[in-house]
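Take a look at the structures below.
First chain A sits with chain B, and in the next complex the same chain sits with chain C.
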Partner chain A sequence: MKNNRFVAIVLVPALTLLTLFVIIPIMGSFFFSLFDYNPLRNQNHFLGLGNYARLLQDSTYIKSFQNTLIFVFVTVAINIALTLVLGQFISGVKRRWLRNLFLVAIFLPCVAPVANSAVVWSRSMYPTKGGLINVLLMALDITPVNWVGSPLMLMPALIIFTIWVDIGYNTVLFTAGIDGIPKDFYEAADIDGAGHIIRFFKITLPLLGRTFSFVTAMTIISHFQMFAQFEIMARDGGPGKAGQVLTTYIYYSGFKAKDMGYASAISVTLFLLILAVTLVQQRLNRVDWGY
Partner chain B sequence: MHEGAKGVAEGVRKGIIFSIVTVFSLAMLTPYVWMLLLSFKHQAEINKANTFLPDVWTLRNYIKVFETVPMVHWFMNSVMVAVSATTIVLFTSTLVGFIFAKYKFRGKNIIFWFILATMMVPPQTTMVPSFLLIDRLGLYDKLPSLVIPGMVGGFGIFLCRQFIEDIPDSLCEAALIDGAKDFYIYWHVIIPLIRPAIGALTIFTFLIYWNEYMLPLLYLNNPLNMTLSLAISFFSTQRTTDVGAIMAVATLVMLPVTIVFIAFQKQFIKSIAMTGVK
Partner chain C sequence: MKRIFALLISAIMIVSLFAACGQGGGTSSSDGGNTSSSSGGGKTTVEFWGHVNEAWNASHRDIVGRFNASQSEIEVVPTFFPYDDFEAKIQTSLMAGGAGADIYEIWGGWGLDFVATDALSPVPDAVIKELIADSYEPVLGTFKKGDTYYGVPVEYNNEYGGMLVNKVEFDKLGIPYPETWDEIVNVARQTSVSNGPVFEMRGLDFTTDDTLTHTFLTTILSTGGQYWVNDKFDFSTPQATQALQMLVDLIVVDNVTNLDSATGAQGAEIDGAHFLGRGEAMMVPRGPWVISMLEEEYDKAEGVDFEFVKFPIYGPTKAFTAETGWSMCVPKNTQVAEAAWEYLDFFLDKENLMEHNVRCAQIPPLKSIAKDPEFAKQLPFVVPLLDILDAGRFIGPFNTDVLKIGLRNVFVSLCTQDGTYASVSEALTSLENELNTTLKLG
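This part shows the complex of A and B:
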């Protein structure tokens, strides 16, 4: 169809909004990163790349950067492995209602606000005194673990929580993906005498192809952006800044220390990091996995 | 004989898998069960930490919550933000998706590419400028600050375009010949045919706005203006020692989402599979 007037009436306001609330802010991040910007001051000096030079000297930034990478890769690796297995298992459950029951239980944390679940975990699961995990550990005669209060265990605590809160999405996606694989492949493998583990690696995984690479990429990107659990369970980075990641460091620098220019420089590095992952994913996605 | 042994082995394998998934599903629910139990315990019993079920069931935590904090008000704030945002996003996504699926105009590809590119900008990387913009627009500490910036979004447009492209052009052309105007075609021909996409987008968008934590934290200040996500975190820092009351608030936050989710579980799960795989 053709109607330029109608197209313009729809697109002009839509593009204006996108420009105002997405393009200008990201350009703003680049712009402010060049200044020593504090909204409470009258004078804000131009620093050039000064804020970026400061990043390289800032041990908290380096720590946040490392924490982010460790968090993303460990959490995503466990998440993908676990959800693939769960998807395979649940896909094998023939009774509809039972299968729905499993998916409902696993998906419930995805429906609830992450902030709410983070409060529940930090106040009722993780505490040394009365936290359910420690109560259970003590019942097994294991010394209680100081989950969110010690620099060593804070990151594992955040990883465990995040896996719990986020596996629902991928379990649903992989279950659907595995359901979509034609059954004759498995029957042929069966005749050839291939075991379940071989079938999983030789049939399920390759044939999941697109779903697998899409899900992995989306999970990585979304984990780089996680914020609520870090802000709630590791206030101000937690002990020894062990729970500080780039998103929360942007928040604390910009909104607690009011060092907005510096916060913008951190934002730019996070943006470039996520952009790089996105571009790599799109490159990989061009590989043809179809069957 | 061999076949029979194989059948037994298969049965055992199925039994093991079934047990693993059952235990796992129950473990997933444990934090919520524990939250619920704590919310009915006296603080003294929570401190002693030697019971699983409450010795004495009490509603004191809930009564205290309703007497001391504006729970209903926070709930209504969340409802207003999530409902208005979802309604607007549905309207703009379907309409812009329709334009890209069915109209020919100059620069179409480059404009669509531009819209997709906006999806690559995570809000976490624009905290500072977005905050300054919201402040400049006079939206600071007002609920519309959570709705207005997301009124048009790349994901919804992309999803709707995919679905609308599958509708045969002949349907639109027939309506055009009958003298229908563009908006009439959008409303009476297109919308009824993309119900599944609309359902999925509704659930997806609603969840995002209902659960959002970072933007309310940045844009809201007065406790009366808070949405539930922010309110629970605010409450837990105000009453650090009152675990029973914190769990009562957490339970009240969980209750509506759980009810809606259980009622529409099939649609939820189908939508997630659809938005992901399509």
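This part shows the complex of A and C:
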């Protein structure tokens, strides 16, 4: 009993933070989404579900919704596959200094703020004239690509950048997860004559279940919320709104169109989308065993 | 003991949390330690917030210094914030009620949203009567609601009528600066050099938001059309279709530039003026305020590397659109409104305002300054604009950022032929609906 009280008291600061900065804003967003809300006005008209009805007819919202799903699923799939392979590769490196070197090199982009990296990429990697990628393409006699200025190439450009900027974290987690798998399983597989691919799919992947589940859930949630690279590289949604996602559309609606009620309604749908996808993902990746 | 310790730790953490929440942040530069508008200590402190711009801030500081030196009762304290955060900063401080400034420098394009909420105090009769008599039409447009005005102008924001020309390249080619629309398009066609998506030289770069929007709207007006009818956008006229088609053709048919300025393909803020600074553009229609940017960022000199000349109006009707530019407002909730207006009265004095306009390379909002030969003598490169100021029309009572973004999206879709719209008129119908929806619900 005493112990419970101690735990409760210790939890108070964290719960206070959670309530102030997470629960109240979520409830606030839902509340404001029911109004034609402008915080500077003395009176704000109650619209009921009017903002939600408007969403269904808003082609920009629908485009943002589609773009968000495409971005999250493509980026997360590539990210998880790539970081698993990198984790497996780094875990197999025997020399400690070389292994640390790989980890540091891959983790470096995670250290810099995403906004800074996005500015650097948009000014020095992607430009059609003088951008590093196009300089290399031209050296190979390939026509330069208009990465950020073309509706077709904008989303691939954003996905490539996001993968570069975000793989370090998951690689470190997967490397640690793979290192934690008892060596006995691999020794037994060796005796049975299993090769690298069989060992990866039959031992590493299943026994990495808890790490895999955690990494996937966190990556999905964070990718739904990504904002900086879209705001910097895809100016106001970019050409053909090909880079407009829900987070940038929330910002546009709230701070440029000053339609806070509508922005709140979009926020609520993003919240529900993340909740639904995370619940489904947790259900699919349920792990009820250990080693 | 364990419980007491836990309670203590818990209390410290909660107190730290709230203490952290209460601390201010940001990268403002203030000229005084006092941040409140108080009447204590002998002098009334008036907080003045503006946005960061070195030349502009230096001018403000000097005028404030002279005012403070002439006063025993009032002290104005200027603080300048980065432009990107400035609008949100004003919005937040107005919401907080009394926690912000007593005078705000507000951009007319988004000032309308503040006027609509009754968060600003009316300009005193004595000040506004004189201003109305001496002002050009666009400079007060945003701040008028009914018969009341809620802001006073600092400048005439003119994004149409002037054009930067690459003097070095024109001299090399040995051709004069074009003066008519047809001449401009001909020179632009002949001088544009591109290789796939890479433009080595842009003959005429007009796809920056400001230039695209004002060229589109001005072309509608100058060909006898209207775009704002019964408090709504109306792009259903043949003039609107013709204007947008003409601009799209300049990209798709004449190939005088590409969409890099509109899409940020070379970096988010790199636009036509930057291309001219890099020697990659021949002609760039822009406001005169970019001249100081070219001088500071690219070490280019007006009259040596580039010049600022007339950009003609397309149609026979001599009319162009202009937004309400930077202005000054006093919030409704300030405790020192009288002192704030006293300072603004001093700032708007012809001598002070002319000095400010000259130092900031701004077109004056007042006819008496624009027509003063002394102004033209001090800022000779803006002379091409001074003759046409009477033809300026207030762009309209709407958030111009929303219009610019909407028009840019439609324009890029049409130029890239991405399949969103089957024709220019279909694109205009879509734009009209989108903008009018924003008006209705915003």
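Observations on the structure shown:
Convention: the second predicted complex is superposed on the first by the 256 of 291 C-alpha atoms of A that agree within 3 Å, B and C clash if a C-alpha of one lies under 4 Å from a C-alpha of the other, contacts with A are read in each partner's own complex, and residues count from 1 in each chain.
The rule is simple: a residue touches a chain if its C-beta (ideal position, glycine included) is under 8 Å from a C-beta of that chain, and two chains touch if they have at least 3 such contacts.
All values reported here derive from a predicted model rather than from experimental measurement.
Of the two partner chains placed around the shared chain by superposition, chain B is the only one that A:89 touches, whereas chain C remains out of contact. In the superposition on chain A, A:40 contacts chain C only, with no contact to chain B. After overlaying the two complexes on the shared chain, residue contacts for A:284 are found with neither chain B nor chain C.
Contact comparison for chain A: of chain B and chain C, B touches the greater number of residues. Contact with both chain B and chain C is seen for A:10 once the two complexes are overlaid on the shared chain. In the overlay built on the shared chain, the residue A:255 is in contact with chain B and with chain C.
Applying the stated contact rule after C-alpha superposition, one finds that A:115 touches chain B and leaves chain C untouched. Of the two partner chains, chain C is the only one touched by A:237; chain B is not. Judged by the touch definition given at the top, the superposed model places A:176 against chain B, while chain C stays out of reach.
In the superposed model, A:18 makes contact with chain B only, not with chain C. 2, 6, 10, 17, 39, 119, 122-123, 129, 232, 255 are the residues of chain A that lie in the contact sets of both chain B and chain C, per the superposition on chain A.
Interface of chain B with chain A (complex): residues 13-14, 17-18, 20-22, 24-26, 28-32, 34-35, 38, 46-49, 92, 95-96, 99, 102-105, 111, 114-115, 118, 120-133, 148-152, 154, 169, 172-173, 176, 182-183, 207, 210-211, 213-214, 217-218, 228-230, 232-233, 236, 243, 246-247, 250, 253-254, 257-258, 261-262, 265-266, 268-269, 272-273, 276-277. Interface residues of chain A facing chain C in the complex, by the touch rule stated above, are 2, 5-6, 9-10, 12-13, 16-17, 36, 38-42, 54, 60, 119, 122-123, 126-129, 134, 143-151, 232-233, 235-241, 252, 255-259, 262. Those residues of chain A whose C-beta lies close enough to touch chain B in the complex are 1-4, 6-7, 10-11, 14-15, 17-18, 20-29, 31-32, 37, 39, 86, 89-90, 92-93, 100-125, 129-130, 132, 135, 164, 169, 172-173, 175-177, 180, 196, 211, 214-215, 218, 221, 224-225, 227-228, 231-232, 247, 250-251, 254-255, 260, 263-264, 267-268, 270-271, 274-275, 278.
Across the complex, chain A is touched by residues 2-3, 6-7, 9-10, 13-14, 17, 87-88, 91, 94-95, 110, 113-114, 116-119, 196-199, 258-260, 262-268, 270, 280, 399, 401-402, 405, 408-409, 412-413, 416, 418, 420, 434, 437-438, 441-442 of chain C.
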